[in-house]
Structure formats: structure tokens, C-alpha cells
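Below, subunit A partners subunit B and then partners subunit C, in two separate complexes.
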Partner chain A sequence: MAAMFSQNPLMNGPNYSFNDAPKVNAPEGARQHRFDPYTDNGGSTLAIAGADFTIMAGDTRHTSGYSINSRYYPKVFKIGGTTADQHDANLVLSVVGFAADGEALKERLDAICKMYRYRHGKPMSVKACAQRLSTILYQKRFFPYYVYAILGGLDEEGKGAVYSYDPVGSYEREQCRAGGAAASLIMPFLDNQVNFKNQYVPGSGEGHALQERERKPLSRNEVEVLVKDAFDGAVERHIEVGDGLQMMVITKDGIEEILLPLKKD
Partner chain B sequence: MDHRPQAWGRPRDDVYGAYDASYLHDSGPKTATQSPVVTGTSVIGIKFKDGVVIAADNLASYGSLARFNNVKRLRTFLNSSVIGFGGDVSDMQYLDRLLSELAIDETYETDDTPEDDEETTKKTHLNAANLHKYLQKLLYQRRSKFDPLWNQILVAGTDGEGKPFLASVDLRGTAFSSASLATGFGSALAQPIMRRYAETDEQAAKLTREEAVAVVKECMKVLFYRDARSLDRYSIAVVTKAGVELAEEEQLEKQSWAFAERIRGYGTQNV
Partner chain C sequence: MSSPFSINGGACVAMVGKDCVAIACDLRLGLQALTVSNNFPKIFQYGDNVFLGLTGLATDVATVSDLFRYKVNMYRLREERHIAPTTFANLVSSSLYERRFGPYFVSPVVAGLEAKTGKPFICGFDSIGCIDFAKDFIVSGTATEQLFGMCESLWEPDLGPDELFETISQALLNAVDRDALSGWGAHVYIIEKDKVTKRLLKGRQD
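Right, the complex of A and B next:
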């Protein structure tokens, strides 16, 4: 009998629980504007792997919109030392994007590396830390850390290693990578100067016969100059980049920190 | 009989009654997140030789209405740090309560026997750097819960080594530090003036207390001239290793509105 008065449009049969339940609790005129938990704090980072070293670099400007909040806000960190001063750290992490997320991510990865060192009695390898960082980022897949991270160190053979990430944890080992506000300005420069893209042996032919310039790892001095040039270029063309250039050079003897001035305008 | 696959295995409404789905989604967005209601405007601060000067006016606005004109937006912590609040006033009062509890816990936990000389006592207390980190973690946690505390905060005091400390944290947990800092309108109006005197920590280390106070007072005046949500009564605090000196009933001095006559291009004047 009840079936006769049913609202079921198909069969004129009984109704079932999968029908849309009325939304009883919807507030009157639900708020349109939502709190935005993210901002972009500008800045740019860069990492280049050499034969037996890795250089990680970042500018030190911190911005909100057109305002400069601070002229010294480091984006490049030593990770996984035994103590807070990181004197025996073997890894370097750079983060750029939303600064608060960057700091939270750095502190989490550092704590994990410290726990690993404590439990295993040895520092974490770059490869292991790289995988772990990917997992950390992916765990927050649906409320991501809004940061472009780069992890640098020396691999098991002592060669320079650079791992780059997107905000949700996709990662890849590379020879070099630029991240952040001026990534699109720096990356093509790096392709040309580190991986010798679009460079050919003069007079080796035309079209497909052209022979590519042979790739060979750069020396530490060359890389340091390259990094400075890349940032000087970025500072000129991007307003969120400037003030200071912080460089971490990772070699088998430890991590050396270099601070150079950039234009402050 | 309904033979559609969606219906397989489902309890029939005519037998069991309609399914009560109310617990599944209390639909609509979460109402936890708000926007600021009663707000305070800029807080400004600058470091000098042996401390920090920090100031904020005594106004709490309700939109464009100057609602409360005797609200103290600077609060001291254990007579060693000062915290300046911009943004939502009720969230400020919540934080104030929280910090008062924290200060009591700190005082109980620290062995404050009379034999202790001043130096060791100060060291074991939470200093401004510790306090700033605490507030940053708190605000970041709240933004991650989508229930932010709608404040821009300056923390002034000394760090673990006794050097002047000034840092900022906002509703998203973004934190940074500089020789001079300003929130809200102050970042556009006061910061350029303060940077003329202390662009870097090295320059700030050459500034005397009197100079720093004069710069801050000048900035408060500029803010009163141009920030429509500001007041000419303000609080100013000087934090040094020796402690906090807080004045909450300061009045802007030597205002000159002569410049107003020369402003052309809008308003009611012709020519």
C-alpha cells in the first residue's frame, strides 16, 4: 500500500536509504568567504650537483605582496645533525613558497633525521631521506605543504646528489634545479650552462647532423660563479628576489656556508 | 519492487522507516572560521643598542566605527618581554589569558629562591625568542585546523644571549624577524621611516634609547595622520635586559595639521 504513494520516479516502488537525505543543518545564507590558509612569501632557491660536491643556494628575502618583511630569512637549512647547531649535519634542505609550511616541514624532517641517527647510530643517507621527504609531503596530499623543496647531499659513492620535489611529494634526482618565484627565469639558464642544452660543437654539421657539446661536471668554482650569476639575473627581473644570497657547499669535509650580498631594491 | 542495483541489500523505507542520514553530514561549511570583528590597527617596533621599543595605539575598531578607545594592546610577559597585538581583539584577549596562565606556570616551575642572582633567574624563564616560537606554533596549529586566531603579533624582548629580539607572527603562523617591524598599515607608513634609522641590526646597535623612542613616537604620529582606524592615545614600551617600562596613556605631541591645507585634488575645495 505504501508503495503506491512512493516518490520513486522509476518504479513507483518503495524508497531506499540512498535517496538524498534532506539537508537539515544547512546554515542560513552559508558564508561565501573562506579563510585562506596559504600565502606566497616569494624568494627563490637553486641547487647544483657536482662530481664530489653539491651547492644549495637561496636568496634571503621574505615578502608579503609588495612588502619586504625581512631582508634576512634563510631558506636553506642543514638537516639531521646530532644537535641544534647542526655542526655534523650531512644533508641540506631548501624550501620556498609558503614560509610557515616551509618551516614546519623543515622542523619535521630534521626531527625525523635526528631520530634515525639516534636509532641506527649513523646519519641518514640522501637517498633514504629523499624517499622519506616524499612520504611526508604526500601524507598531506589533501592539505599540502605549499612548498617547493630541494634536498641536497652526497650519495653513497660520494657524488653530488640533488633531489627536487613538488608540493605533494613527486620527486626526482637531478643534476640541477631551480625552485620558487624565479624558477622560470633561472631554470633555462641552468639547462644551458649546466646541462649544455642547445650547445653544439661548432662546424659539426647542420640540422640533425649537429653534434651536441659534450657534458662534463663543473668545478666548484664554476658552479659558485654560476649560482651568483643566476641570482644576479633573477634579482634584476623579479621583485620578490633579492637582499642576500645564502649558499651551502656540501663536500666530504662537511658543509660550508657562504653569505653574499644581492641588490636590495 | 525496485530491482536497481543501488537498492540491493538496502533496508526498505516502508518496512524500517526512512534512513536517518543526519549524522553523516551536518552539511554546509564549518562555522569555526570567522573574520575579524573588533580590530586593532598597527603595532610598530624597533631595536636599539640595548633593547627594543614597541608601540600600539589604544583603539579597538568595529569596522569603521571607533568602538573602544581605551584598549591596551601591549602586554608584558614576566617583566622581560612585551607582546603587541594587531587584528581581532577577542582573539587577543584569549591569547592574553593563555599567556597569563603560562606566566604563572613559568613562575612556579622556576626555582626563584632569593640566593639566586638576577642573571640565572632570567635565563631559566621563557625569553622573548622562546615566547615567539611558542606563539608561532600556536597560530600555525590553529590555521592548520582552519580556526585561526586573527592576529598579527610583534614580540619584543631579549633572546637567549641577552641581545635585543624583535619578531613577528601572523594568523597563518608566518614568522620573521628584522631590525624594525610593523603590522598592518604600519608596514606601509611606519616601516620606511624606521628603516631610515635602522635598516640592519648593525645600524640598530648604534641607536640610543632616546633616538629609538623618538622615531617610534614620530611613526605613531604619521600613522595617526593617515590611518583612519587609529587614535592619538597610545601605549609604548621599552624592553631591555633590566626589564619592561610600559606607558599606556601616552598622548601624541606636537601634531601639525598644516599639511592638510595644501592637499589638493580631492575633497570639497575648488582649485
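Right, the complex of A and C next:
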């Protein structure tokens, strides 16, 4: 296993905050000062767009290094409602990475969506909010929000929409996306089960002449099961993922929140 | 990126089924991002039902696979019988630990059936020979994370040979498609009591 060569704590081990990181090559008598403003708080997120719904999900564990700070620290948020309880919100934002930045980003986007509502007398569309989020992230190009954001909602035609971002605002609309610590565990599973990658019609040809299995949108129930299975797999093999699974189901009737237990070990 | 384990890239996975085991690997050989060959199998056979998968530094994959061919041949001549999977696993372990302070940069996987009982056996190792006995599956290579995600969600106990083939193939194919250093086709071995089926999968060529 490559593990024995990746034990350098500065590169792969627990992540240090501020100046408690080990000092390196400090000359005698010299003091090294540094400001390390980022921490990785672990966790994973997942979003799948259906025909007339979108499901956004995230685990609720909050970690730093090998410690669990909280077993219920949500990273999936309703955005752009008129009130604090977000009962009439139409968008969902998930943020994973540095939790403080995630929180700050959520607050900022929520405020912007609210202002939009007051000015225009209608809620912000996912498409508009997606572009705005990209702009917000890029504005901090040289001191980024250390987060992988996913924005979900319903588009103008009522179809499920998922927009995924890198920390500096590069974005794309997709059918599905996994983010965060266990993204590499979940993403290939999604390729296979949502987009039917590497699945072919039996006996339809040989080699690359094979006919791909037809892509059909999944039902809400199928997607919920898929999300649970994806996280159960991730929990088993990633220490930063676990405790609780928070799911937001966005339909034309509003946003439904579901909380399911995950393994706590 | 300059870790010896991820210069050449590659992936390998083994799974247990009902009275059968499967082992599969990709075919890529690369130098960092440059693909040099798309026909570099990483699975080697050391008896009727003993298989070894080797990922990591390609030069060590070649060296170690040859070293075990020599050692297994010597074992067979001395003992006048084929080597058992468990015996072979211990041979791998002790041979790797011999190089404790200058290891071969490989992550081996052993898969096989016990000759007498027909009991499935799989295990994995780190580069200095620590054995990881598993009841379900073993993954190794640059696509380990992706393989863990796939196997953890697709695998279930007591899969028959055909189901096991489909499971291991889908797990490998979808995993390597999310790893830039692995892919370019695959070899899949399904090992049953008195039958070994080897299949070549085309996969994405990019």
C-alpha cells in the first residue's frame, strides 16, 4: 500500500490550524510566525437531479484531524426563503471542506437571494443563483472560500438541476455530483448507477460496437436508496464520514428534509 | 505524485464469491500522465488456482512477479506438489519483509481456492508484507479509493461465478474511469473448483 509513504503529517495526516503545525528548519533563536487560516473539517456531500426533483445530501459529522467535534453539524442548507426558517425556500446549497468558510458562504448567498426576492418580487432561479455563486467564489480568487459547493433546485422547466463548483467558482450543471472527503469513493458509483456508465445492452454487439444501456431518469425512491447506499459505503471506508445523513428533497411542492442515522464509529 | 507507487499507475481488485473467487486488473502502464503501454497485465498465475495481482512501480512488478515464479518453481520441485494459496500468501509476506528497509514498491493481492476444500481465499499486503486477510474484497493500486467505493456498494455475500464476474468487472471499470492513472482495458479471472475463466475487457480507451 502507498500508505507507508504518505504518513507525512504535513501532507496527509491530521490538518493543523494556525501555528500548532510542526516547525521546520527554524534557525537557532529565530522564531517562525505563520497564519494558517484553513482547516479541513471532512465530511462528504452528494447531489442527484431527477426528472422533477433534486436530492441534496450530506453527512453530519464535523471533524478536525482524527477528532470528531460534532455528530450533528449540517452542511446542506435551504437558501433564499423569506424568513429565518426558510419554509418557502426553493434552493439548496451544500458546502464541504472548511466549515467556517462554508457557513460564511451560505450566509452570503442566502442574503443575496433574499435581496433578489425583495428587489424583483420573485425568487431567484437556480440558473441565476448558480451564476451568482460562481461570481462570489471567484471574487475571492486569491483568498478562496475553502469549500466544494453544490447548488440544487428545479430549473425553469421544473426539471431537477444540480450545479457543482470548485473553490474558486468554476462550475458546471450536472446530473449528479459527489463532493468532499469521500467524493472519490462515491463518484464512480454514481457514474455507474445514475448515468449507467459501463452498462451495455446484452448481445447488442462486440467491443466498442456495443449499444449503451438507455439512460432513463430515476424515480425519487430509487434515488433515495442510492444516496443511502453511497453513504453507507463511504462510511465504511472513510473515517471523516458518518454519524448522520441529511437529505433535502426539492420538488415543486417545496423542500422536504430527511434525517437518517449512519454508523457512528 | 512522485511516490514510486503512483508513477506507473494501475489498479487491481479481488473478490470472494460462493465457491469461487475473482481477481481483476487494468492494463495501463504509464510514466506520470503519459501512457506508455495499454497492454501491461498485473495478474500472474502460480499454480492451477493461485493468482497474484501486483500494482505499484512497474519495474518492481516485473521483478517481484519473476521472483515468485522462481520461488514457486523451487517450492514445487522440492515439495513435489503445487503451492497452496495460504502458503503462497505467507511466502509473499516473508519475501517482502526480507526487504524491510528497502522495499519493493508493490501492493500485492493474492486470490485462489484451497485445492482440497475448494474454499475461497483472498488477501492483500502492504509493500513490506503485512497481510490483510479479508472475507469480502481486496483492492490495490492508484484507484484504491474508487475501488473501495465501488466494492463497498456493489459486493454482497455468496455471489455465483457469473454474478461475481459482473460485479468485479463493473467495480473495476467504473473505478478506473475515475482515475487518470488506471484503465485502458482489463483482465478478469474467475476461479472455480476445476475451471478458471479469463476474460479481456475493452473498457474506455482514454
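Definition applied: the second predicted complex is superposed on the first by the 232 of 265 C-alpha atoms of A that agree within 3 Å, B and C clash if a C-alpha of one lies under 4 Å from a C-alpha of the other, contacts with A are read in each partner's own complex, and residues count from 1 in each chain.
We adopt the following convention: contacts are C-beta pairs under 8 Å (C-beta built on N, C-alpha and C of every residue); 3 or more make two chains touch, one makes a residue touch a chain.
Computed from a prediction, not measured in an experiment: that's the story for all the values here.
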Check your understanding: Is A:Glu236 touching the first partner subunit B, the second partner subunit C, both, or neither of them?
Key -> second
Practice item. Spot which of subunit B and subunit C makes contact with more residues of subunit A, would you? Key: B
Exercise for review: Return first, second, both or neither, reflecting whether A:Ala84 touches subunit B, subunit C, both chains, or no partner chain.
Suggested key: neither
Exercise for review: Would you check which partner chain A:Met187 touches, where first means subunit B only, second means subunit C only, and both and neither mean what they say?
Suggested key: second
Exercise for review: Have a look at where A:Ala209 lands relative to subunit B and subunit C in the superposition and call it first, second, both or neither.
Suggested key: neither
Practice item. Kindly classify A:Arg71 by the partners it touches after superposition: subunit B alone (first), subunit C alone (second), both, or neither? Key: first
Exercise for review: Identify the overlap between the subunit B-contacting and the subunit C-contacting residues of subunit A.
Suggested key: 2-3, 6
Review point. Which part of subunit A faces subunit C closely enough to touch in the complex?
Key: 1-6, 182, 184-189, 191-192, 197-199, 207-208, 229-230, 232-234, 236-237
Review point. Residues of subunit C touching subunit A in their complex?
Key: 3-6, 56, 107, 124-128, 140, 144-146, 148-150, 152-154, 170, 173-175, 177-178, 202-203
**Study point:** subunit B residues touching subunit A - in the complex, by the definition given at the top
**Key:** 1-4, 6-7, 10-15, 18-22, 24-29, 31, 33, 35, 136, 140, 143-144, 146, 148, 168, 172-178, 181, 187-188, 191, 199-200
**Study point:** Of subunit A, residues touching subunit B in the complex
**Key:** 2-3, 6, 8, 10-11, 13-18, 21, 23-27, 30-31, 33-35, 37-39, 41, 62, 64, 67, 69-73, 98-100, 103-104, 143
